[in-house]
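First, the structure itself, so that you have it in front of you.
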Amino acid sequence: MEEQIQQLIEQLFQVLRTILNSTAPPLDQADEALNWFVLFVQWSAIILSALAGLYAARRRGMDFFGSMVIAFVVSLGGGTLRDVLLGRDPVFWLAEPVYAVTVLVIALLSILAGRQAQRSQTMARVAQPIEWIADEHSRLFVFVDALALGLWAYLGTIYALQMSISPVVAPIMGVITAAFGGILRDLFFAKVPQSFMPSQLYAAAAAAGAIVYVLLWELGADSTISFLACFVSTFTIRITSVKFNIQSR
Amino acid sequence: MEEQIQQLIEQLFQVLRTILNSTAPPLDQADEALNWFVLFVQWSAIILSALAGLYAARRRGMDFFGSMVIAFVVSLGGGTLRDVLLGRDPVFWLAEPVYAVTVLVIALLSILAGRQAQRSQTMARVAQPIEWIADEHSRLFVFVDALALGLWAYLGTIYALQMSISPVVAPIMGVITAAFGGILRDLFFAKVPQSFMPSQLYAAAAAAGAIVYVLLWELGADSTISFLACFVSTFTIRITSVKFNIQSR
Amino acid sequence: MEEQIQQLIEQLFQVLRTILNSTAPPLDQADEALNWFVLFVQWSAIILSALAGLYAARRRGMDFFGSMVIAFVVSLGGGTLRDVLLGRDPVFWLAEPVYAVTVLVIALLSILAGRQAQRSQTMARVAQPIEWIADEHSRLFVFVDALALGLWAYLGTIYALQMSISPVVAPIMGVITAAFGGILRDLFFAKVPQSFMPSQLYAAAAAAGAIVYVLLWELGADSTISFLACFVSTFTIRITSVKFNIQSR
């Protein structure tokens, strides 16, 4: 009995490891701890932004389908546009199903949980904290999102460079990956994209990080160091801007 | 003389057969009757949705160009987005001109007929029934559209599978093919997509059909039977939802 | 000293020539004067439409990032959509960075100049005429834009033909290249595209030019003559429509 459980857990880990390996951001394998940290940031951000998209859609009275589409667009839309412009065929979530499946399962469970919460007190107690975390203005959300911002900026830029796109325009792909999920969401909400109006620095932070990466890359810096510089500068600019309410103009 | 007419008719049929063959949905050639039925559904749906798009655009005061674009987007937009995401280059209506030509000619004739109808009583008598049929709430439209819904769901899914996309995400392509024509139309109308708000089941019906197809396909079922199951389940869900006003939430 | 300046100028010219050669529209090399004229029209139009997009975005209260995106979309959006639909991977401004760089530098300088103009009288005297030129209703803008309209119609059509797209649908790519920059801008402004509503002929002029090109091309006309016919007919229709206020319906 105990052996079987152990086997099951091992198998589960095996599946998890396969998923993680197939979705690991392209970093040199030098530092395993860094790789795991990056994977953790990536998946936390995908899940949190799916939830944030979902709640935003529900607040606007959208149904099951609309909410799923918005969750999808917010978390995977930027990378999708990046892949279409670069010509990475098919787009990443068709090549690697775990992204789409995660977002759809998360959205599905949340919608069902939300319905239960309207009826049962116990369920409401579970749903409430999730809703808090997924609130775009919650501290946790802003923190994880700022971490992810640097990661998206890096991913868009490196994918472009890997396809021999000039380093002069590669950062644009970083910005698109980072910022266009929210922009596409606002298109579906039929409103002018939030990030186009004066607000705390978001796309600009991603742009700065992507440019830092490209500069270091051009100077021949180690790829892990270049990544960390991109990551840290994006995060710092974003968090500083939120902390001191520095607004774009 | 009579011989010439016969020849002309034969040639016309030849052209028609070529068009039909080049746009036949990818079904096994087992049943010719089924193939013709599917072709009939496909072309009726393309023409009807082009007309529906056209009238919707005219009602909003759009001009010649805007109406043509909306007609195009409603009838061919879903398949276009599918092709872009899958990387089927160029998109189907560039590879196979008959789609675009049909939609543009239909739109052109309808606009001209509409203008004549404002002046001549005879023309008005011709235009009126077409407008009724193309009304999205007419029985005929809902019927043909429900038939086509299953076809689009099937086409998107099979194209994805043919490109070795995982069966786990292939149904998403079915839903996009079926539902995104209307969604893109609403973007151009600068309003929140209708199908994102509570309404009778549409995208959900396509999703169900696409999932049924993939399940049967995975179980190794005959491809014609899998197609029919997809087709019938989509149609049944859609029509039941309209008949009994079952709304998505 | 003088020699060094001469060398610098020569080097600058060398860079300029390289840029121009790498972005020269695909015309037969028969007539060099024509090539230079076409290049001049292309770059004037890109710069002017970037400025027009920028000012439109600023008037709507958009920030730095939003204004850059709109400038980008207005001047390069049509060609981007064309490339995505045709499957020209990656899109032209990723393959040839000078387009994106030009638009972003122009936008950047204009935003900075605009801010200076609010504070300094001298700067205001420089910024004012630029704003006039970039006004979509200024005579110069309409003139250059009408010239470019024919060029975009030609470019979209010829790129499609070069990829063996049927001449029956190739003009659609011409229209998309010419008209969809403004249409995408309006999507981001969350309003129904201007060019979809009754107005002076714009997309229709591009369509006419593209069709003229395809017809002559089919008849085996010289490619320079076909280009000129496309260019002149688009320009004439557009300018006549503006001059006599001929409105689409």
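Which chain is which? They are A, B and C, in the order written, and residues in each are numbered from 1.
Rule of thumb we're sticking to: contacts are C-beta pairs under 8 Å (C-beta built on N, C-alpha and C of every residue); 3 or more make two chains touch, one makes a residue touch a chain.
The shown structure was predicted, so the numbers you read here are calculated from the model rather than taken from an experiment.
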(request) Starting at chain A, find the fewest moves between touching chains needed to arrive at chain C. (result) 1
(request) Fit chain A onto chain B over the CA trace and report the rotation angle, somewhere between 0 and 180 degrees, nearest 5. (result) 120
(message) Validating interface symmetry: for the copies chain B and chain C, is the fraction of residue numbers used by both over half? Same or different.
(response) different
(request) Round to the nearest whole Å and give the separation of the Cα centres of chain B and chain C. (result) 34
(request) Pull out every residue in chain A that's touching 2 or more other chains. (result) 84, 87, 89, 187, 190
(request) Spell out the part of chain C that touches chain B in their complex, as residue ranges. (result) 84-87, 89, 160, 163, 165-166, 168-169, 172-173, 179, 183, 186-187, 190-193, 195-199, 202-204, 207, 247-249
(message) If we count contacts the way the header does, which residues on chain A are in touch with chain B in the complex?
(response) 57, 60-67, 69-70, 80, 84, 87, 89-91, 93-95, 97, 100-101, 187-190
